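Naming follows writing order (A, B, C and D), and every chain is counted from residue 1.
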Amino acid sequence: MQGIGVVERGTTRRRLMAGAAAVAGAALAPGSGRAQAPGTVKVGLLVPLSGIYARFGQLMRMGAEIGVRHINEQGGVPSLGGAKLDLHLFDAGDSTEKAKNAAQRMVADHPDLVACSGAYLSSFTLSATEVTERAELPMLTLSYSDLITTRGFRYVFQTSARAGDQAKVTLPIMLDLAEKATGKRPATVAILTDNTASSLSFVQPIREGSAGFGVKIVMDETFTPPLSDATQLIQKVRSSRPEMLIMPITVISDVKLLIEKMNEFGLGRGRVPTIGSGIAMAQSDLLQNIRPAQMEGFITVVGNWDAKGQDKIIEEFKAATGEPWMGQNGIATYGDMWIMRDALEKAGKSDRRAVAEALRTIDITEGAALYYPGRRVKFDANGLRETAGPVVVQWQNNKPLTVYPQDSAMAEITWLKR
Amino acid sequence: MLQLEGFLQALNAGLLLGAHYGLMCVGLSLIFGVMRVINFAHGDFMMVGMYAAFHIFTLLGLGALLGEGAGPYVAALLAAPVLFVLGYLAQRFLVSRVTGTRVGNLEGEGHYAQLILTLGLSLILQSGGQILFGSVPVSVPSELSSEAWELEFAGGALVVFVNQARAWGAVVAVAIVTLLVLLITRSRTGKSLRAAADNVQAALYMGIDVDRAHRLTFGLGVAITAVAGGLLASSYPFTPYVGLEFVIIMYAGVVLGGLGSTVGAFWGGLLIGVIQQCSALLLPTQLQNTAIFAVFLLVVFLRPQGLLGRVSERT
Amino acid sequence: MLEIEELHAGYGGTPVLKGVSLRVGQGEFVAVVGPNGAGKTTLFKAISGTVATRSGRIRFQGTDLAAVPASRRAHLGIAHVPEGRQLFPSLTVMENLEMGASTEAGRRDWARNLDRVLAWFPILAERRSQLAGTLSGGQQQMVAVARGLASSPHLLMLDEPSMGLAPAVAEFIFERLAEIHREAGLTILLVEQRVAEALESADRGYVLEAGRIALEGTHAELRRDDRVRQAYLGM
Amino acid sequence: MFRPLGAPRILLPILAFCAVYALLAVTVENSYHQLTLTLVPVWAIFGLSWNLLSGMTGLISFGHAAFFGLGAYTVALLFVKAGLTPWLGIPVAGLVGGLSGLLIGLPTFRLRGHYFALAMLAYPLALLNVFLWLGYQEVSLPLMRDSGWAFMQFADHRVYILIALGLLLAAMLAMRLVERSRYGMALMAIKQNEAAAEAVGIDTRRLKLVTIALSGALAGAIGGFHAVILLVVTPEAVFGMLISAQALTVAMFGGVGTVWGPVLGALVLIPLGETLHARFGAVLPGIQGVVFGTAIIAVILLAPEGLYWKAADLLRRRRAGSGPEAVPQGREGPAAPPTPAARTAPGPEAPAILRAEGVSKSFGGVRAVREVSFTVRRGEILGVIGPNGAGKTTLFNLLNGFVRPDAGRVLLDGRDVTGVAPNRLCRAGVGRTFQVVRPFARMSVADNVMSGAQVHAASAEEAREMARRAMRRVGLGGMEDARAGALSNLDLRLMELARALAGNPRLLLLDETFAGLGAPEVEQLLGVIRGVAAEGVTVVIIEHTLHAMVRLVDRFVVLDNGAVLAEGLPQEVTGNRAVVEAYLGSKWIAHAGD
């Protein structure tokens, strides 16, 4: 990127022990020698940059870097004399322990950080916020887990709707839509979910309240990702003949196996209307792994997505990264940078406690708010964004397009008739 | 009828997937059988094999050349020589230093050193893989991965879908295992590998270059597992960290079949595929891997030498 | 053909051979006898390279073996029939013989060697496709000897070929060895506990005790020696 | 090294290390460094737990994450569901770990070698799936703002370091005590040679179970503490394969089978991994793994047995080169004890101590021992001779319970002991030596001998005294501190004999004790054995050659081809034509008249 991402420096040198000689070459990283300019404010991004989740972290990094560039180009933080944001990256690695270590490193080595964003996986966010909470460093996150804002923490701010809430909002909309398209309200639903925390929270209200939604659950299967074969799961879908399938999946390889198997069994492309949760079913990585035509009609519910009115940013993101669309990870961290800027602007000083206080009281429908569904940034007492609702994305013409909420929608939702 | 259909469907999926597992296990088993080394990095070598297949497919334009039907299989086979060289070199420069005749004086016959070394190797392959190949999951494009032959029984009341990509993969896997068995039972090289496995000292007395036999074995074992990975690469998106997901399956399969038995390893892998897919008929799907471990432990306790293993390990 | 000078060898920290010197001439049949643990097997292993030499020299047909790796020594013409047979149990009898013929000479002369060993040990022809691990002790020993011969060696080294065999079987093996020595003119170095058979067939013998050569001489000399009688019978 | 427990030389380094570490830790202000300093002892303890099972018994476990994870979940779930403080949760976690160790050990100890290692792999991975299935994807320990101390939540992270260090200190001291105890000796004996351990009376199965329970308890407790540090428990993070690998890595990297190994391993690897991660994780993601892996490989190629052993060997070599202290201490007296009281061979009327009745055993169709019957009289020296491969060692294995006969009985003092486990026979007074002596090369002679005394002694002190006495009996007095690896052939034999004698057996089975000895050495050993017999110990000795035996034994049993060929007084046997033929071949007889 443009060298906005500044790696940690300073104290790390002392820690270099046995590995020093071997890695001396790599140590000459770009930007590592740069002194902090007087008019800058340090913000952090703690995401997995290595290990099995690195891909997601990379996308989040791209979004944040563009966000910071835009903010700085547009005058930084006016109330701080136009101070520029200075983004620092921290690698959360591939385990909760590494994520926690990185968070500890972040707060210990950078006492002047005012806010941070992260940490992709909800378990990483959970362990990282244990650190940031104690350090009184505000942390913005898009993790869906219900646990994040139910622990009584005061320095964590969840920008997306919790998975359970997403399902509660989405399901009736889907049922209405089906009724409108087919003339018949779906009465049977099948649930096929992996057993990650966010998927389980998504299906929980449906399992518990199916009667309230007026549907009957005809199949309910939970599997441990990653699958090695989807045959018998899809066979169960096939034999239970649901009118709608709820299928929250988090791992790309499972998406491929399940979707291809549905197509193989003649259930794909809307034959069994399928609603997922999370970004795995709409990620650009799918293009490398599955024919987009096979995705046609699939719907997934996410926390944030490319929305109407963001074309310029999206185009820039696409040009800078070569990605075909921006997606939740890019847009969310982009927006997080703007929330940080707006909170700094409100706080009027470069201090983490002041920023946290500003976040607790912020209520805007402009600026950063434009990058979030609901178009408003206001956090409740637990740190959950009040108007955060689900964003519904549907594959249409080989692309996942936002179809809900209305003010963000880039296309009309369609319900393929059986 | 529905239950029967479900069973047949699961069995069919299990057999097809199991053939892929079997091939993977055969590679690991070969190395174990001849060198008595537990290769922790075996799954990561398979990962490199998957990437090799992917890049061979893309760079040689196999999709355009052969189509997305046959192309992926050719790519998988072409990954073998690449991985053979990699395995050969890894044995030549690293593993050989803690195996074979050099470790007689080491604590635990060098097993500790072998474990740590292959763990280190595993780390390097994974992390190096991330640097070289990136972290975007990829798969080899195949037009067969969502195509099935529909077998109708009972006048169409019962339909079994046989996935074409997996079916052809299973055919290739069986063919390779057959070729390998012919190689090690019929050819002089194969026999000398078995001789080196049976008795290192006696093999030396015969003038068999045991070090070379070990290099061949490591290369061959890695290459075979790489082909299995390449075959899966069209239906399974992978990242540099995919090895860990399969290495456990490989160990279980190899032990089930009987440590050191090449054919046994194939049956072990096949059995694991079947258990994994059929367990969901009885147990929650979430526990399908637990079922593998349960059966694995059961078999090991009842028949410690594995299904086809010899009664005692070489001492 | 084989000259050993002041050989010291052993495992880890324990020396086993403490200065052994020994010669085997072209076409000779030489026996080495001695109690268990005297270093007979170590001596053989040092010759075929699986035990490291500390000091001293081993020359075979003029070549200093120090520079020859273990796996190449068979190719020079040294066949080692190890103690306890050490067959390849999961290979068939024929495959074991084939492995014996791993040397260039062995492959070249395969057909001739096979005819010869099957003539000397006809039972092997019957058992050709049986797994070697399932044979009886005597048959296994025959395979071991035949496997050694299959390499077309210049020197055949046999380590306790009678071990664990019934006397009649052991005698059969010794008779064959004598026959092989006579007919093929093969140089043979034998380690044996059955002193009489060993010395009967051999031209010369050495007595190895505690890593040193205690005695040497022709078979007649040794057979008459009181120390040999005492050492091996306690008479 | 042959010193009573608690000797400063053993404990001082540990105390000094912990003191230095603590001093260093309290001066560190940076909370991230504090975290790293906490994790070093955590992983060191986990490594120690692995070391206790795998390093000390030689059974490699790939599944230590099972205990670790159960411990972590115990603490987390007790906290969340029952509000139980980790101060109590961690001990419970230890208990859970210990119990799971027992449960896992019971079936798994039936397996050996690679099968054991790989079977262990299955447990944590199965548990991982089970915990996912149970719905414990993410368990978060609640933040207790007002009662931090009560719930092990400290504002000052240095408290965590001190707790972790305290646990490490306790674990290291405990491990050191274990190492020095009879129990530790027994573990060492198992690792060296499980059969020999059984033969000196160690109930190997029970001991292994105790060990896996202790190891599991330690791993469970530290898993629980780790949950307190991390505050979030997920199945992948506690049952994952990488956790099991972590235990292996720190222990093997630092040195297997020593207290210092895992500590050294953790001291190097944890900060190294962290530093690499911090420095390069965000610059060139992945490079940290490459460097880390390369470092591990480089070290293991240079020091295949781990840092500690490499350092120890280097140090010893240097000391041996310069200092006089390395020269082994002299013996107290001549190797042979003073001329023993004259003994007379018991006559045919003497009572039988051991009887074999029609004992047979086949291995894969080969009849190794066929219908062997004979009697050992109390107080005699009986020689069992026969050519190599005649079945002598198999017969010994049948006599002391290693192998169960296919047919026939073995009677000890008239009581049927057929198939009774060797350790129980040993307790009943049957000692045994082995053909191949495999000492703990790096341990002192006394420590080697002690392993034979420990089951018969009430305390380590007593065992030490018994070992000392046994060493004097065989003429090794004064050699206590010599390294077993540096002993001569004869001294090794004497040490093996002392080990068998340390348990004060009534009946001693000696397997090829004279192998590899020169004539003067044989004489010395003959004297020792005569001395032992003179003290009233019955001796059965297997030999391959006759020559020394005729001057030692009262009576011979001659085996050939698995069957008794002859039995009788030395002069009868050597004159027996069949015996001569079996030994020397018929040709000898033919020439005998020359």
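Methods note: a contact is a pair of C-beta atoms (placed from the backbone, for glycine too) under 8 Å apart; a residue touches a chain by one contact, two chains touch by 3 or more.
Predicted model, so just to flag it, every value in this text is computed and none were measured.
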{"item": "Most central chain, judged by mean C-alpha position against the global CA mean", "value": "B"}
{"item": "Between B-C and C-D, the pair with more C-beta contacts", "value": "C-D"}
{"item": "Between chain C and chain D, centroid-to-centroid distance (C-alpha), Å", "value": "38"}
{"item": "Mean-CA-position distance for chain C and chain B (Å)", "value": "42"}
{"item": "Chain A and chain D, separation of their C-alpha mean positions in angstrom", "value": "53"}
{"item": "Approximate Å spacing (C-alpha centroids) for the pair chain A, chain C", "value": "75"}
{"item": "Chain A residues counted as touching two or more neighbouring chains", "value": "50-51, 54, 195, 222, 224"}
{"item": "For chain B, residues contacting two or more additional chains", "value": "127, 130, 135, 284, 286-287, 289"}
{"item": "Multi-partner residues of chain C (at least 2 other chains)", "value": "12"}
{"item": "Interfacial residue positions of chain A with respect to chain B in the complex", "value": "50-52, 54-55, 58, 94, 195, 221-224, 226, 228-229, 231-233, 235-236, 239, 252-253, 256-257, 259-261, 263-265, 268, 285, 288-289, 294"}
{"item": "Residues of chain B that touch chain D when the two form their complex", "value": "32, 36, 38, 40, 94, 97-98, 103, 106-108, 110-113, 115-117, 119-124, 126-131, 135, 240, 244, 248, 251-252, 255, 259, 284, 286-287, 289-290, 293-294, 296-297, 300-301, 304, 311, 313"}
{"item": "Chain B-touching residues of chain C, taken from the complex the two chains share", "value": "11-12, 48-50, 70-75, 79-82, 86-91, 95, 98-100, 102-103, 106, 147, 151"}
{"item": "Chain D residues within the chain A interface of the complex", "value": "30-36, 39, 129, 132-133, 135, 137-138, 140, 142-143, 145, 155, 229-232, 234, 236-237, 240, 242, 268, 271-272, 274-289, 291-292, 294-295"}
{"item": "Chain C to chain D touching residues, read off their complex", "value": "12-14, 16, 35-39, 134, 136-137, 160, 162-167, 170-171, 174, 193-197, 200, 209-212, 223-224, 230-235"}
